[in-house]
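Labels for the chains are A, B, C and D, by order of writing; each one numbers its residues from 1.
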Amino acid sequence: MLLNYIGAFLLIVFGLYIILVKKNLIKIVVGMSLLDTGINLLLVSVGFRPGGTAPLFMNDLKPGSFFVDPVPQALTLTSIVIGACVTALALSLVIKVKEHYGTIDADKVRRLNG
Amino acid sequence: MKSNKKSYKSSPSTNKKSKNIKVNDVIITSCANVVLPIAIILGAYVIMHGHLSPGGGFQGGVLIAGAVAILYVAYGSDGVRKLFNITRLKASESMGALGFIFIASLGLIYGVGGYRFFANTISKGTPGTLFSSGTIFWMNFAVGYKVLTGIGALILIMVSSLNSNKE
Amino acid sequence: MDILVYIFNILIFPGFLFCFFFGLLLSGIDRKLVARMQRRIGPPVFQPFYDFFKLIGKGHIIPRGAAKKTFMLAPIIGLLGVVIISMFIPIFGYVFIPRTADMIVILYLLTVPAVALILGGSSSGSPYSGVGISREMVTMLSYELPLVIILLAVGSKVGHSLGEIGNVTFSLSKVAEYQSKNGMLICSLSMIPAAIAFLLCIPAEVGTVPFDVAEAETEICEGPLVEYSGKYLALYKLMSAIKMFIMGSLFVALFFGGTGFGTGIKFLPLNTLLMMILVIITISISVSFLRAIVARIKVEHTLKFFWTVPTALAFVSLILTYVTTL
Amino acid sequence: MNGYSSILPLMAIMLPFLAAFIIALTGNKALGLKRVLAVIFTFIPLLAVILLFKPIIENGHIVSYWLGNWVPEKTWAIGIGLEIDAFGLFCGLIITLTCFLSSIFSIRYMEKDNGLEKYYTMFMLLTASMIGFVFTGDLFNMYVMLEIMTFAAIGLTAFRNHKYKSIEAGFKYIVIGSLGSSLILLGTVLIYAQAHTLNIAQISAILHGNYNAVTIFALALMLTGYAVKAFLVPCHTWPADAHMSAPSSISMLLSGVMSKTGIFGIIRILYMIYRSKCVAAPSMEFLMIFWGTITMLIGASMAIIQTDFKRLLAFSSVSQIGYVIVGFGVGLSAKTSVAVTGTMGGLYHMLNHAMFKSLAFLCAGAVLYRTGTTDTTKLGGLAKKMPYTTVLFMISLASIAGMPPFNGFVSKWLIYQSTFEAGYWPVTIIALLVSVMTLAYFIKLAQSVFFGKIHKEHENIKEIPWSMRVPMIVLAAVCIFAGTFWNVISDKLIEPAAYAIYNIQGYIDVMFNKGYAQNMFNHEIPIPKMTRAMAGYWSPINWLLLFVVLIIGFIVIASLLSKGNKKESIIDLSDTKYDTFTGGEKEYFSHMAGNDLFWGLKHQFRGYFKTLKNAHSGIVNDYVLWVAACAAVVTIYLFAVL
């Protein structure tokens, strides 16, 4: 379990690092996606209970067995959907940026400043 | 195979500019022919069994929409564009969303439990069978439809904008 | 009956007519004083009245490129602004509209004449006006900061001893009440820097030398007023005369307030007379005297001056207030 | 709860969503139908909100609604609930009113653009998600609605994608906005890990007394996340780009309303979820007041050096949001009477800002509609051609600068009073100074756009059509109404909303059962007493007086001036005496444009302005760094003091 949290933390930090440091707009989008993934991993890990089964309502449940928390899983799904949308929208904007500016270098895409 | 030939003619010009995407490679085409039906059936399965097993409308929808991407890789943008009509896809997406809202508002219409949105009003059936869980099954269906058309349209738009970029 | 009294207040006594008369008179006295300081004979004291009525009678020209309605409305708005302020200033304990927030209202309303000047100049479309309003705006920004701090210093001094919520009052009637009990504010050490700062703010607010960058006749031909003529010019002249009176009486209300010089006499004509004398003294010190001895300074120096000297003085006052109340 | 009022909030959220998909279904045909649908389906939520007034404001109820009839099981929330208290309704009113007016304005304003089905779809999504955000009682639902809102806003920002600035603004917005959303999600996850529920009412009941390092970290993250949405400095970099590039009917929503949703989030967090940590905590009070003061100062400073109409308005929004945050910061004070004054000031300014800033953005839109540019250096002298727009802009100017008969004065005055009473007198000085700066840069707009000389190419422009004028007139009327009849606004909106902010016990009990909150908190939660007399508002008799003065003055002076009018009717305008005075030089085009107007100020503070200008470098990495640094600072501060 600890591994999950460490993994989530590292993913978030790497994602943030990429957004902060990389000047390529595509890489920034990758960083955002990585950040999202980290949060999703954390979200799933939060709901996990050791020894729990998948939260499926079946007839063949053994007595004494229990579910992992289903709510974070639902939330993760929502969050994944949103992350996918962010990535798609951001990538399409990058395409348009390339059309207008001829470059995807963050240092050059700065006509709106000051 | 007709489309195959047609796009083959135009391929040299595209090939020059983009070496990375090699259109109409025989290996890719035949692999895609095998994978495509599987992807679609798997997607359909995931949508239908959303209330019984992990998965659901969104995942199934994405799986099916992935087929569009496979189609693009295999047959190029011409093949994809011939097969799908973007405006129809968009309209279908709205239909999916409207269907979802309609199913959700069945609770309002029937007035079960004090006019509740999202109330599960249809007979729930026996747990574990395909037609169980009342409205959830249908909602999964609506979501799946919306997602497959939506993401399909998205991929299509991206593909066409990539192409227009090169020309 | 109340309404009638209000209307009387608005139109006659602390309001329009009184302001009209005394503002122009004050302006005449100022001119006479400056002339005497420069060893000239100077115009008669009632010269501003003659000027005003002469201008009213003259024709006027609205330039082709001007936004006509704004051009005509701007002086009226400015004049109404100053007349409204006059009703918020208590005359030795006589408060016409006692409200809790009148200091901030006055602070806001004092920007109205400046805004009117800016709007009028701006609508005339002349390049000289453009330069003029730009200077007017910077002047406005520069004197507003010390003015705010001065009012806060006075408010906290008074509010603290009257035990208001949060130890501050924004009410001029409270200031008057305090002064009639404890003597004039100018007598307390902590208020002297604020009073000096306020005296320095008056010329900038009124727009006289050395802070008349906005209207500098010799450089930009009266700036915002360059296209004005006839009655509109008369209204502007009247506005600035009344503004001078307002600033003087605000100073008196803030620092020389109380009931009749602490004598406790409550007789309106006498108090009014006393206040007029004090206003004349104030204006002669802060406006006429400065005007006679100093040359005009540049606009960027105006800003620098106001954000250093008067601001520092006002801050000293504010800090002294805090220290003494600790 | 009676039947109809419980279903109204749902209708307000669901119908705009429904309309969005119906509009999408129609494709690029039937433009008239889309317009009608947009107007109708933004009017229905407004109607729903107005109908909710009776149960919520007058009877003092809190309306709740469990989706799918998933009511709490053994006082444990398992479903998603909607919950509308007076504060939510207050925000809902701002949102629905502004969206309705924007939909009317869009009819003619967007007529030159193509792809309008996308515009209207996203417009309806934006409306629905904003209403959903303020009506929901579920923390994750807030996040989802926020994301829908962000997507719709980004889509609309980049809507005119043939312009480079729309695309660049959209990209910056999505990077910074989704970083903010990620921070909010992370905070939500951490709170869920501690409380194991997502219902706001229940979280606040459970977390009470159980705050630990994780929840404080969550607080820091969520504060920063919502600060991005409410554009507090240093997370204020995206609105300037986005508001400038979006169509004006959308800029109005972004600035007037979407910033309010960020503030809504901050208030729900501070006053409800972290109630016992934040309310009456001097350290939190200091943080919020400090943050707000920095925001208002930097926003106003940046606005002074802008030359683009809409970009200036965007920075002005930043500065006005600073006022609101200062008001709510004082609301965290331990002195209850001061706290109530601050909260009321913040609420009042929220309403006012939505109104006058929307009006200003619509004026910018009107100018853009007729002239095709918002660059103040290329405009001038429009007052002759567009008199209505000019008058409306002057109203918004007077309101935003806080001139006494208009609404800005009332709210700003409450904020001044509360900051001074709370002992933050330097903040009062800065607030008053910023108010003068606001007046200054708005006058700069007035001079460089509406007055001065007209450009040759704008000689033949006309006034905007009536369908665009009507929303502006409504907004202006609200501005004047809220300034003169402050007691009505205060009684009907501000006081109930301020009461609801503090009435956390009622909020929790409605969702579960009576006594649940007291049981969890072990004591009754105090609600400060509030009357409007305590706030020391400006008395209405003065407004009547002012009007009497104004009217009499106008009559007297107008009669004085009317003599000359007869002569004017026969004047010959081509006479040289009607030339502008130029000192004998040949007259040529010389308009005092926006960038020269503050020369004296800019020259004196050139170092400061240059630093600020360079800091807003336009590089997206820098902006992200600011947000990350802000999160780090807030985290460290909160760990240090809480």
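The definition used in the following text is that a contact is a pair of C-beta atoms (placed from the backbone, for glycine too) under 8 Å apart; a residue touches a chain by one contact, two chains touch by 3 or more.
Computed from a predicted model, the values in this text were never measured in an experiment.
Colleague: Please state whether A-D or B-D has more C-beta contact pairs across its interface.
Modeller: Higher contact count goes to A-D.
Colleague: Name the chain whose C-alpha centroid is farthest from the C-alpha centroid of chain B.
Modeller: Farthest chain from chain B, going by C-alpha centroids: C.
Colleague: Quick check on this structure: which chain has its C-alpha centroid closest to the centroid of all protein C-alpha atoms?
Modeller: Given all protein C-alpha atoms shown, the central chain works out to be D.
Colleague: If you average the Cα atoms of chain A and of chain C to get two centres, how far apart are those centres in Å?
Modeller: 62
Colleague: From the mean C-alpha coordinate of chain A to that of chain D, what's the distance rounded to whole Å?
Modeller: Chain centres of chain A and chain D, defined by C-alpha means, are spaced 30 Å apart.
Colleague: Can you check how far apart chain B and chain D are, centre to centre, with Cα atoms defining each centre and the answer in Å?
Modeller: 39
Colleague: Rounded to a whole Å, what is the gap between the Cα centroids of chain B and chain C?
Modeller: 74
Colleague: What part of chain C is in contact with chain D in the complex they form?
Modeller: Those residues of chain C that touch chain D are 6-7, 10-11, 15-16, 56, 59-65, 67-70, 72, 76, 79-80, 83-84, 87, 97, 99-101, 104-105, 107-109, 111-112, 115, 118-119, 122-131, 133-135, 137-138, 140-141, 144-145, 148-149, 152, 155-156, 165-166, 168, 170, 221, 226-227, 230-231, 235, 299-300, 302-304, 307, 318.
Colleague: Inside the complex, what are the residues of chain B that reach chain D?
Modeller: These residues of chain B touch chain D: 87, 90-91, 93-95, 97-98, 101, 105, 107-108, 112-120.
Colleague: In the complex of these two chains, what residues of chain D are touching chain A?
Modeller: 140, 144, 147, 151, 154-155, 158, 161, 164-165, 167-172, 174-175, 178-179, 181-182, 185-186, 189, 192-193, 196, 198, 240-241, 244-245, 305-306, 613-614, 616-621, 624-625, 628
Colleague: Spell out the residues on chain D that touch chain C in their complex, using ranges where they run on.
Modeller: Residues 337-338, 381, 383-384, 387, 390, 401-404, 409, 413, 416-417, 420-423, 425, 428-429, 432-433, 436-437, 439-440, 443-444, 446-447, 450-454, 536, 538-539, 542, 545-546, 548-550, 552-554, 557, 560-561, 564, 567-568, 573, 577-583, 590-592, 596-601, 603-604.
Colleague: What does chain D use to touch chain B in their complex?
Modeller: 3, 6-7, 10, 14, 17-18, 21-22, 24-25, 27-28, 66-69
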